Amino acid sequence: MPTAQPIRFQPATSTALLRQLLEQRTPGHSLEAPFYLDPSVFQADMALIFERHWIFVAVAPQVAEPGDYITVDVGHNSILIVRDDDMGIQAFHNVCRHRGSKLCEAHQGSLGNIVCPYHQWTYDLEGRLIHADHMGETFLKEQHQLRRVHLRNVEGLLFICLADEPPADFDEVAARMKPYLAPHRLNEAKVAAQVDIIERGNWKLTMENNRECYHCVGNHPELTISLYEHGFGYQPGPQNEEGLARFEQIVEDSHAKWEAMGLPSARLEELDSRVSGFRTQRLPLDRAGQSQTMDTQVACTKLLADFGDAALGGLSFWTQPNSWHHFMSDHVVSFSVIPISAERTLVRTTWCVHKDAVEGVDYTVENLTKVWNATNDQDRRLVELTQAGVASPAYRPGPYSPFTEGLVEAFCVWYVDRLRAGVASLG
Amino acid sequence: MPTAQPIRFQPATSTALLRQLLEQRTPGHSLEAPFYLDPSVFQADMALIFERHWIFVAVAPQVAEPGDYITVDVGHNSILIVRDDDMGIQAFHNVCRHRGSKLCEAHQGSLGNIVCPYHQWTYDLEGRLIHADHMGETFLKEQHQLRRVHLRNVEGLLFICLADEPPADFDEVAARMKPYLAPHRLNEAKVAAQVDIIERGNWKLTMENNRECYHCVGNHPELTISLYEHGFGYQPGPQNEEGLARFEQIVEDSHAKWEAMGLPSARLEELDSRVSGFRTQRLPLDRAGQSQTMDTQVACTKLLADFGDAALGGLSFWTQPNSWHHFMSDHVVSFSVIPISAERTLVRTTWCVHKDAVEGVDYTVENLTKVWNATNDQDRRLVELTQAGVASPAYRPGPYSPFTEGLVEAFCVWYVDRLRAGVASLG
Amino acid sequence: MPTAQPIRFQPATSTALLRQLLEQRTPGHSLEAPFYLDPSVFQADMALIFERHWIFVAVAPQVAEPGDYITVDVGHNSILIVRDDDMGIQAFHNVCRHRGSKLCEAHQGSLGNIVCPYHQWTYDLEGRLIHADHMGETFLKEQHQLRRVHLRNVEGLLFICLADEPPADFDEVAARMKPYLAPHRLNEAKVAAQVDIIERGNWKLTMENNRECYHCVGNHPELTISLYEHGFGYQPGPQNEEGLARFEQIVEDSHAKWEAMGLPSARLEELDSRVSGFRTQRLPLDRAGQSQTMDTQVACTKLLADFGDAALGGLSFWTQPNSWHHFMSDHVVSFSVIPISAERTLVRTTWCVHKDAVEGVDYTVENLTKVWNATNDQDRRLVELTQAGVASPAYRPGPYSPFTEGLVEAFCVWYVDRLRAGVASLG
């Protein structure tokens, strides 16, 4: 029999270096350069972070009907996600059990059975091998089923876990998030647009960029139309005392209104206090207060549910290590961050609207996607400038703002903790 | 004096890993993933397989006249193959003995002497340095001859060996193949077409793909016009008993006819039982039975020799580690597989016809090359899908069919044996 | 506090190999292949040669006015060179002290203060942090100044040193070169043209190519119009006895004339006898003797200074490890060689003329740049052929000509000495 565990390279030197880097991390400061640059740290990130935690990869509307499938890549893993005939969603490694051919080439499609293009080994939508020619009488099909990948559908958000034993606390996260997310009915929505961009930077710079808005005023003219200036931290002082008080009153009033509508709004903040770190908060939007658009009005006139009011602000949901989401009355926008190499990262943005909304009538893709396409491109540039800068031998970790970069620090604390745990588990 | 042996990197860790991989190989199963992926295994493949065995690189008609040359790359080696004034074929390292400049840039051409473009050091077609300016009175030209590469012309097929001491059994292989190959007179033919493709896959996947036709029926509509369904293995059963018996009768009748014409046809099968592993077999072709074309008729009406009959099927010749050839009555098609990196491979296909055949009159390149251009592209896709699949951490070596993948197993056995021998020789 | 020294990878194996390579270097022969190929040797070249010595990177006229800046890359270092308000020239690491973003993206421009695009931290032209939002009351701006890079302006040639303690002998080099260079008034000139080319070869092959003219007669038809055949070494013999004597007389006469004009001309040759190795020589040019142009006449009719005579030949200045320059009566042409990777090198050529010269009236860029654009491209090909050749396992270091390749040997001796010193300093 083949070995149960594949043989992988694990140079002892890089593990030793990794331990040293993890020990030396300075709290409240950006990470040492090798975390953003080194291929062996990248391998550790993939093996110990992305192959051991719950990773957001898609939304349920991407596989709406039985037989619909998508493939997503996480590192060298190609994952096949398919809606089965009972409307369940299955995830498998997209690799034939014969000689390892990739099964489905396309990023999305529809199929009856899963047929390997090489020698036509055939699997059903539950991953069972149901046909293989020429293998002889003693060949056991049941020993050659597709290898399964853990999947959770959290109110329409699809998370996978590549570990044999996924972090157990995720079900609790899902349970706590359910009342926040469920009212927006993402499972019944449709994908209106999906855009992939490649950032020439380490994935952690992408995430750190997402976790603060210190850079927003200087870089995001479109996004800051709807975002309140004080929503993501501020050094208090006489000059902004009045503005801050006003903002806090708006939040309080909004929360009261939304809670009364059955929309939980209170902040949950567990980014660095659990394995499946997350954070949520429903925040008011400025001006019309309806949506992250150029005019802050809804981008889709057919709302996701019968809310009665379109001005629900934005219910945001952040997860470690790789996603964030904004649920509004008219659409949901989701971001999945997937590392490609130490210095390249995929950012996949997906916009969903009510499944009966008609393009050109209820919404236009241009208007729906304008703010985040612009913002993503601005963030891409900032990530790339930072990647170029930390690659300099002159780079030294610098201090985070105690007022505006607390969630960046929470990301780093979570990351370093999880990597320490992973390295420790290697013995 | 410079060191006799160049200094090369040999990280101890990768040799240890290689030994472990070789020890753990599971018979009858595809290879572990690092064999297809790892740069240090690739270095071992180049140093221990491609620099120590006889490698098929070209056909003699590529250097038909005195002064004609070609350059071929095997790993970082650039080899200069030249027809000398006595009609012999010489092979040299294409590297000046002064400061190492490449001598001939082009892939083919014609020259009188070999003149280095850098400082005009000049060598004759036997590799002797005959001119070098400014080197002083004590400089010894005879110590700066071109470094020679072993070359054998096996009835028009050119094999080189980069080792100081090439495998000694190759002359016996050449002698045994001579009666099979000589009647097709490749030495007197001309090149009608040559096509290079790059496959984004490890060279062993290219070879393994070549060594079975399990995948043919599902992937090669053009090739299977002339190939008999039963020619390359089948799980026997009631449903194909009659067809198999019919095919075996055709082979028996054909062999009797061809042997009577002076064309040896019996199978020689020594793929994994010697250092210079090879296999040959003359097999009937289906329908008109003449050639691997879309209509199974000859592609070139001027035959390679005065055979009397065009329906000679195909004399196939497979060599380890990197070639296969089909000799038909009207043309010879040869395949040379050259690794470029762990994940990229060159497949060079050369079609030869009678030297007096006239393009547009006796043959068209389109018709001559159609089947294998299509087949190569289909195989390229399969190799690339498999490369993508084995790169997944989820890949595990799977079982070979005992009926249709025996020659794949023979390739793996030969490869693992030779690599073991090579690693052992490193001490 | 963050660690003072960044954590970098230093695999012990590669240092051991480097020591072995350095010990085994054969005098009078080209270097062993790993010096041109190996990524870890490249890392050593960057860390021990390019980050510890004085590197020529630009000419002063590139930052003529206060606020003018350029950025130059040396390895992963991005250096910001800026003319300050007192007309001094400053060099900083182009990296924000907050989270490491690159500060200036463009290769050149003009600015008042240096503002980080990420969070708008703002530095003045002396590198002082003068503004940073949200950092709290205890944050000390003076601890977050830009990191300074050593810079010397040698009569208009800008050299930087990335080491904390630069080689101390450079001031003496500058002092000795001042009388040679000062008469050409480069500080007051303007840039007429700058061309970057990428050579697919190791930077040492680029430098070795520059240090001999053995290859000129066979490769540089444009350059050899103005260069005397005997100016760069020749094996003496009866056939060239007369020509050599004539050339030596011309040099003697020219030097007498130029020295009388206040233009030092005698050769200084210290390429391998000091840390900041250099060489200079004023050599006559052939024919009209004025400039390295196609007709050997000046390319710019407005001379760099009031010389009285345009036929000043060429004052050449070579520095280890990465530059050469030709100062003529009408223009200065400077070459900066910057490694990109083990197998890629940037060659930046800059032509300067009198700042009041008018393009289209006093000079054309086409005529000014024609000889060296052609020569650079020819040299690029030779470097690339040699890179391809030394990559062959068949390459062995070959002998240098004792007559024409003495300065190549001097380069190698300097390089090996400096690398030995660097490796020794690692302990």
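Quick notes on this one:
Here the chain labels run A, B and C in written order, and each chain numbers its own residues starting at 1.
As a working rule, a contact is a pair of C-beta atoms (placed from the backbone, for glycine too) under 8 Å apart; a residue touches a chain by one contact, two chains touch by 3 or more.
Since this is a predicted model, take the numbers as computed values, not measurements.
For the touching copies chain B and chain C, the fraction of interface residue numbers used by both falls below half; the interface is of the different-residue type.
Simply put, chain A must spin 120° to overlay its Cα atoms on chain C, rounded in steps of 5.
Centroids built from CA atoms put chain C at 47 Å from chain B.
Along chain A, no residue makes contact with two or more other chains.
Residue ranges of chain A in contact with chain B, taken from their complex: 1-3, 6-9, 11, 51, 75-78, 93-103, 105, 117-120, 133-136, 139, 144, 147, 162. On chain C, the positions that touch chain B within their shared complex are 13, 17, 20-21, 24, 26, 29-30, 32-34, 38, 208, 214-215, 218-219, 233-235, 381-382, 385-386, 388-404.
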